[in-house]
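Once you scroll down, you'll see the structures, which are given as structure tokens.
Two complexes are shown next, each including chain A; its partner changes from chain B in the first to chain C in the second.
And now, the complex of A and B:
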């Protein structure tokens, strides 16, 4: 894999926005300091990752999960981050669930539309009955696919 | 999603965060929620860091945050000590790219050994690391000990 410097840095736009929100009006940041802040951000990610990974490895898991990150924050002495992070995690989980429900609803709507279109054509009626029988199974498969995604 | 407009621009792209995380050779798979949590933690961390640095800047009657202010703040706060090597490197070498991250392997060693590296060791390793990044041929042999960035 080619090494590109920008891969290790986070987008400047987001860093700049955070700096703006954190500092009062009138206070600016030197170019070098801005760069250093961006690098500090990357170092924080790596440090948190390493720490979280230790927890995952201890639990003999190969996949780093959110719980590992929370444990890492505690280890790094950023306990005051824990509550906001748990909230963020809840929001994320709900968002994921909502997305799944929306995409399932879309699938159902699509199938209903397909059914109504098939009613118009008599030749396809036999095929349509077969499709209807398969529907429940297809829905289940779709659920599993989403989870894997 | 409604209710998140304020944070619209301060969320880091999950793909970029994941790329940084996977620079750590020991990291395997990463659950989808993790980069989201890390992004939030990073936002909080940067705000915390900037707020502290800003206090220092203002106490010196300056309108511009400099690397020197950053260094002083990082030195004075135990919570930010993991950034110490970064500012040392940034100040002495004056490098512009992500070379500060070449010190990352030292953090991993620290985590595992649970002791502070001696200054002489730090100096010894850093120049070698710089040579390694210039000379691509030796990267494979170095990768056992270091992450090639």
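And now, the complex of A and C:
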């Protein structure tokens, strides 16, 4: 729950950036206009939520899902948003999946690292025995460390 | 650029992964959505879509108002351009309460007087 009323505002810096990027270069947007757009955005969120919630309630669901939000956009006559929204959701889902894979990879790397550290300590023992003609291998090891970091 | 500070919950992760697709903080949008009394739960996709839709809405409102601006010769967007757009464009009708048209106090008093005179006629 929001504790302070300003918690229900969207960050001005981000709103300003989105406005700037949408308008041609060099357009001056008055402070009052920026504040009004930011408030309009908050009202938009509430309106969209209430519409989406109606769809969820009709279907006797307690959780709002993506379909409810898309239906809400249609009802609000923002059909123009449907296509970009679907595309963005696709990218977002891929990102989420990719992130899982990345963390999986990280976990594997970590395991590998501990393995290779064990190897290294063994190698170091070997090195001490024949230090003089070990130069190329020492170089390889330095490279290995770079990759790990 | 890191957008969400002081959000110790899991949303922070999601905000940073979706940096490329959205720039508004998901945690803040969720807070606004949750302030609506009937809402129980919102799944992650619905939250993402609402955040993205809000960005599209900000762009759409700004561009529509700019194209519709009163002073076409200047490169500026003013409050009255927004208020006019809210009034004239059907899809922005829901904004008329928070984007009221400004009128001069003198004009308001005049219209009030006019109303009183009309009433007196009956």
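Throughout what follows, the second predicted complex is superposed on the first by the 106 of 149 C-alpha atoms of A that agree within 3 Å, B and C clash if a C-alpha of one lies under 4 Å from a C-alpha of the other, contacts with A are read in each partner's own complex, and residues count from 1 in each chain.
Here is the rule we use: a contact is a pair of C-beta atoms (placed from the backbone, for glycine too) under 8 Å apart; a residue touches a chain by one contact, two chains touch by 3 or more.
From a predicted model like this one, the values you see are computed outputs, not experimental measurements.
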Should A:92 be classified as contacting the first partner (chain B), the second (chain C), both, or neither? both
Looking at the overlay, does A:23 come into contact with chain B only (first), chain C only (second), both, or neither? both
Kindly classify A:83 by the partners it touches after superposition: chain B alone (first), chain C alone (second), both, or neither? neither
Touching A:73, do we find chain B (first), chain C (second), both, or neither? both
Which partner does A:39 reach: the first (chain B), the second (chain C), both, or neither? both
On the A-aligned overlay, A:51 touches which partner chain: chain B = first, chain C = second, or both, or neither? first
What is the shared patch of chain A, the residues that chain B and chain C both contact? 7-8, 10-11, 14-15, 17-19, 21-24, 26-30, 32-33, 36-37, 39-50, 52-53, 57, 62-66, 68-70, 73, 76-78, 81, 84-85, 88-89, 91-93, 95-96
Which residues, counting only chain A, touch chain B once they are in their complex? 3, 5, 7-11, 13-15, 17-19, 21-24, 26-30, 32-33, 35-37, 39-54, 56-57, 62-66, 68-70, 73, 76-78, 81, 84-85, 88-89, 91-93, 95-96
Complex contact set, residues of chain A against chain C: 1-2, 7-8, 10-11, 14-15, 17-19, 21-24, 26-30, 32-33, 36-37, 39-50, 52-53, 57, 62-66, 68-70, 73, 76-78, 80-81, 84-85, 88-89, 91-93, 95-96, 99
Residues of chain C touching chain A in the complex: 3, 14, 17-18, 20-25, 28-29, 31-36, 38-43, 45-46, 48-50, 52-63, 65-66, 75-79, 81-83, 86, 90-91, 94-95, 98-99
Looking at the complex, which residues from chain B come into contact with chain A? 1, 4, 9-13, 16-17, 19-21, 23-24, 26-34, 36-38, 40-47, 49-51, 54, 57-58, 63-67, 69-70, 78-79, 82-83, 86-87, 90, 96-98, 100-101, 104, 107-108, 111, 148-149
